[in-house]
């Protein structure tokens, strides 16, 4: 039971290794008649692609998506949408130095043990390269969702945090810096920090916050498929994610009920929104917001002790062009996964009542 | 698409409202030939039941599980296991005062909007009463899992935290206090805190930490069904949960790669375990540990402004016997959901290689 | 992966053995707000129950369904609908004579080999008793489907066939005889045949035909979940079924394209309907009709050579009160499974286009 | 909920239209470590491809499969296997004459009504071209299944039938004629028949029989996912299929229990095999055999009255190079779908008992 499918009605199935011929996917369940803006999909992909700025990996991959089916004369036809992204860069490198080595805090060891075999080139299937397919599908989900808008941004890098509520941020500034933090003062510090970290040959973690606006009331399918439970699964399925919280999150666990309760306005909206837009696993029409923790990238350009598959101690040193901080490139991935969740629940909610 | 089923191979489907005739469930996919210890299942249920101590709700519900199928002469037969827990208490109360009222930070509003109808008695399906069925199924999952052990405990109440790594705790003490915190000094403070909160007519949040030991290498199904992604979904599907983190969690997002990487021992174990026992979405044989944030219970015994379904402002005052802090009773639920996830991945992993 | 769930959105999960405490099920995905006619559900169950006429088994089982959840003040609430049917008759019999014996053409041998254990009493889970749960769920599906009507009937018993197209039959006569054949001349012959077969201690096979009227255009989800593919699976999942054909069926395999094509009327209906109401796996608005083959019941009241689980030859003789022909009692089961399929596709079709 | 995925653990998801850029699919759940014989996969594809003999369509399509992922150094890695087959022929034709026309007994009308849009070129997604992807996945399933062997063959064309039990046939002769009938006398008559039908501009139906040997005891997941129920669904999902029967099939419905029961040998095999290798939905170790009815191809090279999407009567005449009888090319598809079902149940059965 390999888990390469996400979603119940709006479904994405992906395939592809970092250094195989291509990665790709199949989107099934997208309603027919949706006009597809291909350029907008490519724009989303470009936000994720390597080499886009000075603070991300300098690998050059021209992630160009090709649609093979399911779109006819510019519209979805209701049939499955197949797409591929060719791995143009895949033959250029020698991976023999890591063929038999288990890199610390990578998936080498667990893949080898689980499957008895692994495509070691660039991490194979465990590479975050597969998330490009999620961005493609998420971009289609966004087009399906129309006015529901997704606003993810870098909310911390190491110990540099945005110290404002999201309501005080101008999301139109997110794309104005390479770090994708809409608080520009903080953004500039983050960029300096990442540059410094890179010079050390080290890496740094961070968090992404995402705000979803204009979600209708009623999304989410209790008791197990609660809206925030699926959002949590979606985020935790992204490479390097270590935690998820929504609304008041871990802070809420310190609060009293009398402080935490969101009092209603007469129109059904609430004065505060510690609930994060979700009550009982169902959207209540308020903004949905959540925060996702990313660990520092495991590939450091430093000597590390490790072992090989034969049980020998070895010393390895990361080389190549890796991200010093994964968070800026994770922003479009967080949005894409959120869009897939919301699109899926939109479809599921069609049948909540007669 | 109502989401009342959890799991892919080891599956639980539940039904039941707080004040209907019974709640219950069907477990499908449990292998045949497993000897079932019914008493042990009831023990787990008793840890969740109301009225068990001075710091939980004083409602009296004798949650007695009855198995209707799938177990023959003390063993599972491979067929679906049906069970019910009767609602013995369900007729005793008058709910007319909340029939048309939307309680703040409850699911009343969202259920009403999503379904156009709701069983308002005691929260109906949105009541945490349904988690009793999860405990039953989790208890069977634990018996299937044998030596894999689950150690959940209360790690914080409000701002009272255990300030030790879990390795320094004696899990055999968890059940020795009503609050289920194995650090007894902290436990006593937590109990005092909860009693004080109750006197105020208020409630308080907290966190549960869970450690899973003896998990074999190889569980988890990338790329979407990563072990921690399913654990996260499982936890977030529990009533009142606002956040989930595993291993280094949100702290990991502040760290550098050179600090965060877990260096291997020659036997494949790691010196540190910031990964939380999971690499690339697959268990690596180290302890799995994670933390779950619970918000304060929304029912406070204080006057609150709210609205009714006709759009009128009303003042309501919680009454009855509610939990001042949900965390102690959540401990067995966290273990149960964790056991369901691990059992499911054990079955899925049977086919990872030829 | 035990297969006790049917359906994708309108889902039924069942449990229960022939001689356990109860059988039952959970219906998930039924939209909220549907008024439920409990009496009508019981009527459907009564058509399936043993002892209803002179030509079926004379066992007395009072199959009374009890709903435990999901219905509030007469309407569905959108939450899962749990129900049980108690096995009132289950302690009355001694099954030690078949405890270790594999009855010919029963599931004893395969259950024992697959699971290593079986509840041998009355066939356990392999008993057709479980189909009562299907009838309950199918009755709810019918109420959801409103004007879509299901007309199943006995179309043959042994070599006695109805020799008319279904359009010439009066379906209001189906329930007028115990054999449920609306062609009364044939019905009387069938009844005599079944009585004669019973006297011989033997059993006889037959077919059920089902016509579904007023199905809207558009149901079915190609390429794998074609409408007729799911109908076929649904029917083949019923005990004793050996074959399924729809529209022209096996006869169509002898025909030429020029004879077989259904020519359109200008309103989109077709002059002929060899397609059986389905084109390309999707309903076209014409009547759907199909035929289901049932083998003769395996329990004969005659001496038969067989083996026991220890590999010994033994002679056994069926005893008790068994059906000489399963077809009359299968009629409501065929309708129920058809209704579940149509209800499921109705929900799925909500999202076919934007 | 578009139904483009088949299988529960060994899963195939397909995409692609007849005249898009490519068709393809993703196989998920194939265990790691399986050596893949690519040539053998291509051989299976070649049995399905157009233009292979004088009695099938003379379209030239060089169906060459390209694997993009999931296979590394000749072995499966446990990750999803993506593949495409380019549509080399897709630009060569003018489809404007059927753009707005609903061809009789094709899926044009139902796709248009369901989706509001369709790719009309060559039938789009409703074209049997998609079955090439099934053949690819089925070929991998066969390699996984090792010694379990699949023997499908043409058992009738129109009213020309093989009049022998399958045990008297030499399956090594199936591929010796273009019609894939191992009874060579009948094969030659079938070929003449098909040639004559083609000259008339007409088409003819037929049946495929499939025998599966060496299936272990225990496959199938009652109560809904019975082995024959999934086989039935698999076959009915193939284009042009109208019926399915296994073992005694529709003939069994005419028989008495005393004739129909399969008496055991002491080793658990049975003397007769009217059960078709399946008891209670679970394989019993005997040969599995079933029969599939195919309607005549709807495209006839004759004038036919029909309608267009605007509700006008039009006269159309099929042109181009179509199959006069689909059955010979259906033989590898039947085997492929059978292999997918058996592989899926092999994986599911891993967990039937502890």
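As written, the chain order gives the labels A, B, C and D, with residue 1 at the start of each chain.
Basically, a residue touches a chain if its C-beta (ideal position, glycine included) is under 8 Å from a C-beta of that chain, and two chains touch if they have at least 3 such contacts.
What you are looking at is a predicted structure, and each value in this text was computed from that prediction instead of being measured.
Undergrad: Do chain B and chain C face each other with the same patch, meaning over half of the contact numbers show up on both, or with different patches?
TA: same
Undergrad: Just how much do you need to spin chain C so its Cα atoms sit on those of chain D, in degrees to the nearest 5?
TA: 180
Undergrad: Any idea whether A-D or B-D has more C-beta pairs in contact?
TA: A-D
Undergrad: Report the inter-centroid distance (CA atoms only) between chain C and chain D in whole Å.
TA: Taking the average C-alpha coordinate of chain C and of chain D, the gap between them is 26 Å.
Undergrad: How far is the middle of chain A from the middle of chain D, if each middle is the mean of its Cα atoms, in Å?
TA: Centres of chain A and chain D (C-alpha means) sit 39 Å apart.
Undergrad: What's the distance between the Cα centroids of chain B and chain D, rounded to whole Å?
TA: 46
Undergrad: If I count partner chains per residue in chain D, which residues reach a count of at least 2?
TA: Correct list: 1-2, 4-5, 9, 14, 29, 32-33, 78-79, 114-117, 125, 222, 347, 351-353.
Undergrad: Show me the residue ranges of chain D that touch chain B in the complex, using the header's touch definition.
TA: Within the complex, chain D touches chain B at residues 9, 29, 31-34, 78-79, 144, 222, 347, 350-354.
Undergrad: In the complex, go through chain B and note every residue touching chain A.
TA: Checking each residue of chain B against chain A gives 1-6, 8-9, 14, 102, 104-107, 109-111, 113-117, 125-126, 130, 156, 158-159, 197, 202-207, 217-218, 220-226, 228-230, 232-237, 239, 242-250, 252-268, 270, 274-276, 278-284, 293-300, 302, 304-307, 311-313, 348-349, 351-353.
Undergrad: Once bound in the complex, which stretches of chain D touch chain A?
TA: Listed in rising order, the residues of chain D that touch chain A are 1-2, 4-5, 9, 11, 13-17, 20-26, 28-29, 32-33, 66-70, 72, 75, 77-82, 84, 114-119, 124-125, 347.
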